[in-house]
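Some structures to go through are shown next.
The following pair of complexes shares a single chain, chain A, combined with chain B in the former and chain C in the latter.
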Partner chain A sequence: MNVATGAAALRQVRVRSSSLPLLPVIELAMLAALVATPFALASRPELITLMTNILILSLLALSFDLCWGFSGIMSYGQALFFGVAGYVVALVGRDLDFSQMWATLPLAMLVGALLAAALAAFLLLGRKTPTSIFVAFGTLTGAYAAERLVAGWQYVGAGNGLSSIKLMAFGNYEFVEGFEFYSVALGALVVVYLLSRAVVRSQLGLVLAGMRQNEERLAFFGYRVQVFKALIFTFSGAVAGLSGALYSYHQGFTGPTNLGPGLSTTAVIYCLFGGSGTLIGPVIGTIAIELLSYVLADTDAIRQFWPVILGVVLLVVVMFQPTGLLGLVVSPRERIGSFGARRRVG
Partner chain B sequence: MDFAIKFAFDIMAFTSVMVLIVLGLGVIASMMGIFNFAHGELVLLGAYTVYLCDEYGMGAWTGVILAPLVVGAVGLVLERTIIRRFYATPIIAMLGTYAIGLIIREIVRGLLGGHYKAIPEPVSGAFAIGGLEFSIWRSFIIATTLAVIAGCYLLLARTSIGLRVRGALENPMLARACGISTGRLYALTFAFGAALAGLAGALIVPLYALSADIGIRFLVQAFLSVMLGGVGTFEGPVLGAAAVGGMAASLPWVVIPVLADPLVFVIALVIVRLRPQGFITVGRL
Partner chain C sequence: MALLEVAGLTKVYGLLRALDGVDLKVDAGSFHGLIGPNGSGKSTLLKSIAGAHYATAGTIRFDGQDITTAPPYRRSRAGLSFKFQITAVLNDLSVYDNVLLALQSMESNWALLRNRSRLRLDGEVMHALERFRLADRADDLAGELSHGEQQWLEIAMALAPRPKLLLLDEPTGGMSPEERRVTGELLAPIKNECALIIVEHDLDFIKNICDRLTVLDQGRVLGDGTVAEIEHDARVQEIYTSRV
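Moving on, here comes the complex of A and B:
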């Protein structure tokens, strides 16, 4: 029951003859498409709003991917960091009448990171090494307990959540839905993406890649595997926090469901559908699923059964295409990284 | 004093339901090492079976008897087609079973049209002992649970199937080498766990109105119970369920209700963290 078997089986390492590097091409194409989007959609403001939403959610999917795709932690708690950060910026706006983005966004990241660090310290660190199942349940329970707590807490609006959140501002300028907010979201995504890319390709990333392939072996090499997990978990918490703050500002609303396992699982679906273990995968997955949902939502009969479709998608992905959409086009060797993929033994 | 007895009775009825759900979940987790996220939806299917029987005039009693059979059959089909692919990868199994649960839940939600359906107790009314009134249906739930626990124990401890189950639990590789078909045993176990979930669903549906979310409210508590009691034992999950069920029912009287609910989870999680092997250290049965 170790994570290495699970993670390794998910993305079976098949060393193939190398082909042209596709990932950078896909990454650049996505960037170009996302930069061009607001200009192409200039006449359809509601679509720009939708795309802004998608960009913010892809940050959440990215944060989950950092946990699962890169270090083998199954986290159902990403929505916890997302939601709490969203609540914090909403409360800062309401009670302190303050929403300057240069302060609140870092604050949200700090909140997410601290919360993730605390959860990681409890779940991962300590004398007894936890099983990966326990960590999954710990994050799930954390998110679930937080959702129930917030849903009953009057100060934060209980079940109704907090609405009419103060608009995000920079100086005197206030961001409303539209082109400007889209730019902020895209900027945040690009910065986080580049940062994550640097992290997973650094020496730290090399350890992480080793961990997800064979955690035991890394431990035998003398790496304190749990400490590395806690580090990446904290980083992912910061990313989820940023995403949650942007989401609250953009929607002007936050509620208990933004904290719960439901949203966490949606992030899991985004990530696995796009292709976990690559950074661009979750972004593609989020865009694909949300666009599909937008298109299909017009039909009443389909909208009612949309969750069923999502379930079928998830089931098909985990059963038949564990590498997601990207796995169809990108070779395993390239997907796993440039650290030299290794054939799994046994 | 009267109040205390009534209170204890209600806690026992609630805990009995938890035990039934957790027993099914624990059996599957112990044998195959996977945590079935669709367990809440199997409970839902049990409840839905009773609703259908009631609707088509076959009477709720027929439903209560049919529910374990129907859900057990569903479990068998699920195991043969999907679940068995996940035994090597327990983490992926969480996602797979979650997806199955999502599909079942949303289909039932669609069929119910998002309404709550009240189902009458098959036997309503109450009986009185020493001036205290006890609901007959709740007593029936408690009695059924006790019977199921006793039955499971006898099945495991006294029959040859039980022997094989214990063997496969202890050392699946060796069991296979001895000619025990673990694959078939796993299918049987899953169907059995599902049947218990179906029975639980059938028993609780008169207490809570039928809605698509009837099973999911128990799921996280049930997971914690299994971990609390310890995976791989028979008594563990039962004790864990009793602990979590008792805590969930009595904590609202001690602290404010808003805090009580999350507190149950936090306490259980902390205990599991400190004692990952569960209440019972040695897997005996």
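Moving on, here comes the complex of A and C:
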């Protein structure tokens, strides 16, 4: 047996002895649960509406995770792309009397992507390598400035926002709250999830994984690290834009807070709570926080102070479980995974 | 024409002149050692060539191009490869993925997204790992390797993109005598592939593998020549006997 064959045999032994990956199991279980949800809640339409909102917000959380969890970009501006796209579809409905989803949803993604690309050009592609703090403050300032701008702009409803947004349509069919809108939201989440999965598990994903650990080292391999960051940031802007458009259609309303630091920070919390650096983590985080909020707010004994309880729970998890809920069951090795032709983990 | 031509290179940090008008020429295929006492400017010179920091004055020409102000990624794409003094392997990635990351760096973003080279590079990754005695550790995390193995992995990564000039900053730092001997054996065959500039404190190691030596002292070139010439240079003997 030569050295190469021996090494290959040894690798095979290691493969067999390694524990089975958990992430695909969790992903499939989550998908099955989300597909079953509207059927299980058929008699509780208000819960289907709640779950639709959660799916849409999961997209926003996912967009943040692509930035922070996978690319090391601390973005406090995801709501900027979310909110502006939401306003754009609302204005297209009001001023052009048009809400065909085959055009408005791609338009929302384009708006989110262009905004993110413009911000990336300023924050990431300068002559000097930006610090994380610079990017965090830059995105935060962008979201804050946009919120203030919109709050004082009469054309977009100023502080009152835009209400009675034209219903999202496909041909003559209009989507109202309920099973149909839930299906659209779930479909959008699944498509974005699979697309994101393809990106982060590709050879480009290996570059992102390397970037998270040592940006300087990658530059000496010949990688233009900031360009990779700008690409992912732009992609995340498109995802946030899609989320914002669906949210506006679903709520029938959009307002200045939908593009401010408050919602941006909420997306950060969703992601950290569930587990950043995995795609399913932000989805789990959004579901957990929103369902917990719903249950706490609906419990008579704690109706007055449930936000305090929620705040304490979030603080405890973020401080003492930095890998989020998912980190309790998924190993760091599996979270990062392997990328070569002989992939065995993740 | 030399592969690398450094002319009048000066690097100033506040009041300190870390490099003061350094000239250096390295021919294709030659192994060139940089020696000198601590603080003489060896690592600063290597980092200036690699692009880790920019020179205050002077020029660096590599393979006919002026790279004095080029960022690290551009120097790397021109054919320069740099191994850090402190090991900088990516601890949370597998040994295999560390080398794949180095190998795929010349692919376009679109090709990376489409996994165009994943299968094609598999053989090259394994060849690089076998060459540096790491094939049986391919699936382990880089952070699980011993210090010596991490140094070998770094060299394997630096060599993977087939550079024209490899810059090694103290490749045997922290190694046992046996690991140093093996490192020398591993480096010798790369003479057929690329030129080498090596900074190393172990004079016996560097004399065994280098064709030429440049001696730095207080940011200036004290001597430059073949190993035999430098060994008999009275000024070099003086700094090594009086200060090292």
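Criterion: the second predicted complex is superposed on the first by the 302 of 346 C-alpha atoms of A that agree within 3 Å, B and C clash if a C-alpha of one lies under 4 Å from a C-alpha of the other, contacts with A are read in each partner's own complex, and residues count from 1 in each chain.
One rule holds in what follows: contacts are C-beta pairs under 8 Å (C-beta built on N, C-alpha and C of every residue); 3 or more make two chains touch, one makes a residue touch a chain.
All values reported here derive from a predicted model rather than from experimental measurement.
Undergrad: Output check: A:Ser202 vs chain B and chain C. Expected answer is one of first, second, both, neither. What do you get?
TA: So A:Ser202 only meets chain C here.
Undergrad: A:Arg333 contacts which: chain B (first), chain C (second), both, neither?
TA: second
Undergrad: Which holds for A:Leu231: it touches chain B only (first), chain C only (second), both, or neither?
TA: second
Undergrad: Between chain B (first) and chain C (second), which does A:Met319 come into contact with in this model arrangement: first, second, both, or neither?
TA: First partner only.
Undergrad: Quick check for you: in the superposed arrangement, does A:Tyr223 touch first (chain B), second (chain C), both or neither?
TA: In the superposition, A:Tyr223 touches chain C alone.
Undergrad: A:Gln213 in the overlay: touching chain B, chain C, both, or neither? Say first, second, both or neither.
TA: second
Undergrad: Could you tell me if A:Val88 is touching chain B, chain C, both of them or neither one (first, second, both, neither)?
TA: neither
Undergrad: Based on the A-chain superposition described above, do chain B and chain C contact any of the same residues on chain A, and if so which?
TA: In the superposed arrangement, which is not itself an observed complex, chain A uses residues 3, 6-7, 10 for both chain B and chain C.
Undergrad: Once bound in the complex, which stretches of chain A touch chain B?
TA: 1, 3, 5-7, 9-10, 74, 122-123, 126, 128, 130-134, 136-138, 140-142, 144-146, 148-149, 152-153, 265, 268, 272, 304-305, 307-308, 310-312, 314-315, 318-319, 322
Undergrad: For chain C, which residues are in contact with chain A within the complex?
TA: Within the complex, chain C touches chain A at residues 50-52, 71-73, 76-77, 81-82, 84, 88, 90-94, 96-97, 100-102, 104-107, 109, 111-119, 121-122, 125-126, 130, 135-136, 138-139, 141, 157, 161.
Undergrad: In the complex of these two chains, what residues of chain B are touching chain A?
TA: By the definition above, chain B touches chain A via 33, 35, 82, 85, 88-92, 94-96, 98-103, 105-107, 110, 220, 223-224, 227, 257-259, 261-262, 265-266, 268-269, 272-273, 276.
Undergrad: Touching residues of chain A toward chain C in the complex: what are they?
TA: Interface residues on the chain A side: 3-4, 6-7, 10-11, 14-15, 199, 202-204, 206-207, 209-210, 213-214, 216-225, 227-228, 231, 332-333, 336, 338-342, 344-345.
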